[in-house]
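Reading through the structure tokens given below for one structure.
Residue numbering begins at 1 within each chain, and the chains themselves are lettered A, B, C and D in the order written.
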Amino acid sequence: MKKLINTPEHAVDEELAGMVAAHGDLIKVIAPNVVVRKDAPRQGKVGVISGGGSGHEPMHGGYVGLGMLDAACPGAVFTSPVPDQMLEATKAVNGGAGVLHIVKNYTGDIMNFELAAELARAEGIDVASVVIADDVAVKDSLYTAGRRGVGGTVLAEKIVGAAAEAGADLKTVTALCQKVQDNVRSMGMALTSCTVPAAGKPTFELGDDEMEIGIGIHGEPGRTRMKLATADEITEMLATPILDDLPFKSGDSVLAFVNGMGGTPLMELYIVFNKLAQILKGRGIGIGRSFVGNYITSLEMAGCSITLLRLDDELTRLWDAPVRTPALRWGI
Amino acid sequence: MNGAAVISYDDVVAWITAFAASVRDQKDYLTALDSAIGDADHGINMDRGFQAAVPKLAGLPNRDIGAALKSVGMTLVSTVGGASGPLYGTFFLQMGAATAGREAISLDELVAGIDAGIAGIQRLGKAEPGDKTMLDALLPARDALREAAASGASLGDALARTVGAAEQGMVATTPLVARKGRASYLGERSAGHQDPGATSSYLLLKAAADAWSGATAAS
Amino acid sequence: MKKLINTPEHAVDEELAGMVAAHGDLIKVIAPNVVVRKDAPRQGKVGVISGGGSGHEPMHGGYVGLGMLDAACPGAVFTSPVPDQMLEATKAVNGGAGVLHIVKNYTGDIMNFELAAELARAEGIDVASVVIADDVAVKDSLYTAGRRGVGGTVLAEKIVGAAAEAGADLKTVTALCQKVQDNVRSMGMALTSCTVPAAGKPTFELGDDEMEIGIGIHGEPGRTRMKLATADEITEMLATPILDDLPFKSGDSVLAFVNGMGGTPLMELYIVFNKLAQILKGRGIGIGRSFVGNYITSLEMAGCSITLLRLDDELTRLWDAPVRTPALRWGI
Amino acid sequence: MNGAAVISYDDVVAWITAFAASVRDQKDYLTALDSAIGDADHGINMDRGFQAAVPKLAGLPNRDIGAALKSVGMTLVSTVGGASGPLYGTFFLQMGAATAGREAISLDELVAGIDAGIAGIQRLGKAEPGDKTMLDALLPARDALREAAASGASLGDALARTVGAAEQGMVATTPLVARKGRASYLGERSAGHQDPGATSSYLLLKAAADAWSGATAAS
């Protein structure tokens, strides 16, 4: 295992200390693994929090700040955080207008956030939750854990954060988050595995000429392993199930998000974006907004994911609204 | 019926301690199982939780089995995270609630405690038998324990049958296609791998059998 | 070789097409491998251009836009661009106030830019050049090719771009670029090699327990190969030569830049930043500004570099000035 | 003295074509050499340049050796990039300037042309002998060619000595510590590896010897 760490046990703590050292003007760490916006709580503003395992940086800690998250709760690497963190965060960002929990659809995340929400409600805080489940690689079924929450989460956090910043109430913000979830679909793939620091070896082994299609963001094996293909072919394999699922239709305008899994250079992401733009054009779908980079990752995994969000004026306006966080900043 | 107190407070502490040691021992194995169909953290998660839980037992004010189990449950919920944190946490919290205030329990009470714990896991995780989860080891183990207790078996005998059932249940998860938890994302590809949570559950019952082979209250 | 590409020959072309598809509001490609700001030329504004091999994304194409570069000339992977590109770019961005070439100190870059500058001057364009040579891993000697230009280049492009945007003349902009060069030092390391697409195999082989210290950004082997160390030890190995070289002194304020080489997750960069902050504190040096991320990379190489720039009010103000490019955006 | 025209326009085209083929053939080898002490692109760079240069020769209006060499030089400058693009580009531009307007040249004129090319490389790159660059193959080759010409050797003989000197110079770069180009960043670690540019320069002269073994103007 080759990593710039000291010990696996302290990796997340030291990471957060480094984030505070670098971005102390935007964030603070108020308890172990609870990253909070510097000026929290803001009276009368709905608090927006999210959380999940570490190893997906910049998600979620990098998205704490003006116009996005009020707090983030990173767990151990790839492990959902514990309810204590979400409770602490919920209390810290509650400005009297209630708190929204943006939860990715994983058994652990769901249960731990649910426990925290109950505890927070017992303390008199109005808590709502929206579950993001946008990964079309997973069959959507009532009899399984359902779809994973992946790239759509970042878009939801940005858009919902903008609305909360502008003063929307908890009901509005919750409905908006659900609207993002209803209009967003994603799918990912991996060229290489990642290595959980505490595990010390790659989560899975891939042959030199193999790739995993339909991978999650935790190094979970995908739906199929197959021979390595070209960027164009891979882009087709990811885009087609996404486009067919919602379905996205001719005349739609989308936010096209090509995401790197952590170990893939930007050059390759733009090559994928190039093909994606051709595919969208072929289907008569417009690219309203573009987003390319490593925004929801799996440690050092090489690979990419595609996320498409169907835009309307409201979502576009909120996407464009000013944001200032360690990882995402514009308009301010 | 098995109404005589056979498991003491010290036995319960010994059980938790033995399981913590077993988890530490099998940490890499549990993580490797989770690599195949999950996210390579189950051993790490369980170890983090039990390394935190054991020291807290020493500081408890009185010899209350229920309080000890609740302490374990609270610590698991607060330190493990993931799916296994709330699930195992609930198991111990509910088992603790069922044994609150007791300094020693009978075999029947053990059955009731474990049953309450499992019910908690089911309420929270909503899994069914055959979904390829920890329940596939726990449910048959509970049934075996209950039958053994009902048939008047000794503690040692009852635990031996329980562990046997848990082991069978664990092994039987291998061909299953997961319908709950992270392994369910794999669909058909989840078949052919033993479930990590079922494996840790088997180890949990094995730890009881090992720790209680010379159970203090029984002697 | 596992990459999201179609063919090595077309990787850079398709990358640039993808960039235009994603950021057509900011940039255009006016000739093969010449990326130009959408609204170029701007009358009366000094044009700022840079270039170098591809494979270092987002540098330089990602830095074209308002408040930074007017044009970028990406060469083949790790290969300096050809004079035709720089000549084309220089003509395209010349708004009558002259053009500054920001050149990284590599034999190829120097010669190709020099040829282009001569050709542009022959066409009556006022061209100045500043060479960035900030890599302390390389001995600074008159009898060698001298130090490489690395992380300091990104900072120079941002700061100089802000001054040019604000209307500074060519002489001022050139002097400012030299001032950045005089006050910036860098050093890098690698945990893994990278693979040039057309070469198809890793540039060098590193053992599982080895690393290269003093690496360049082209997969050039470093000054020393050694046993893998902890993040803290590595940070010391990079920071000490940087701090001693200028030298940075107690009471100085710096822009602290921890850069990823492309394949290293953000988590690890923050762990490095954490230690760097401690080292700076120990020397009485203040962190005026922080910058953490993958900004000057070597394809998929795992590793990092540290760059420190001694700040004064002018440099700080120009760093903070609005910028809007595909890869760097704030204040607008 | 060797004043008789021995190298025709067609010979020059054959030389460039042979070198292009040789570079394609040795592309991976040149890149591998550049991996060890550079950035793994020398073979790729040279191949890109010569694949572009050869087709342009067919379109030239007349049989002017100088124009052909200039065309190669211009194409290299415009397509190769890196250090080798301007350096080899200058070599051909300067050699072309020295042979402008000629349809055939003598051995002495070949010496003068190569000398002009090398002088261009030196002006641009400012490297000295022993800096571990292409000059370490080119300079001894030029000297051998000049001596052979002065001693009245035949073209074949002269080229054989030239190639031998280039090869020796190339091999002799191995122990050197680089002082110019990318390899200089390696300091002492650059010793023990053969310089990629010296290797391509050796191949350039070897291509001349091979192409001109039955030189048309001489026959």
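Everything that follows uses one rule, which is that a contact is a pair of C-beta atoms (placed from the backbone, for glycine too) under 8 Å apart; a residue touches a chain by one contact, two chains touch by 3 or more.
Computed from a prediction, not measured in an experiment: that's the story for all the values here.
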item	value
Partner chains that chain C and chain D have in common	none
Farthest-lying chain, centroid of Cα atoms versus that of chain D	B
Centre distance in Å when chain A and chain D are each reduced to the mean of their C-alpha atoms	55
Centroid spacing, where centroids are CA-atom means, of chain B and chain D in whole angstrom	76
Length of the line joining the C-alpha centres of chain A and chain C, rounded to whole Å	29
For chain D, residues that touch 2 or more chains besides their own	none
Shared interface positions of chain C, touching two or more other chains	none
Pairs of chains satisfying the touch condition	A-B, A-C, C-D
Complex contacts: residues of chain D adjacent to chain C	28, 31, 35-41, 44-45, 48, 77-87, 124-125, 178-182, 184-187, 189
Chain D contact footprint on chain C (complex, rising order)	53, 75-84, 106-108, 111-112, 115, 135, 137-139, 143-145, 148, 196, 198-199, 203-204, 216, 218-221, 223-224
Chain C-facing residues of chain A, complex	2-7, 11-12, 14-19, 21-23, 54-55, 57-58, 62, 191-192, 208, 211, 228, 230-232, 234, 256, 258, 262-275, 277, 287, 290, 292, 294, 297, 299-300, 302-304, 324, 326-327, 329-332
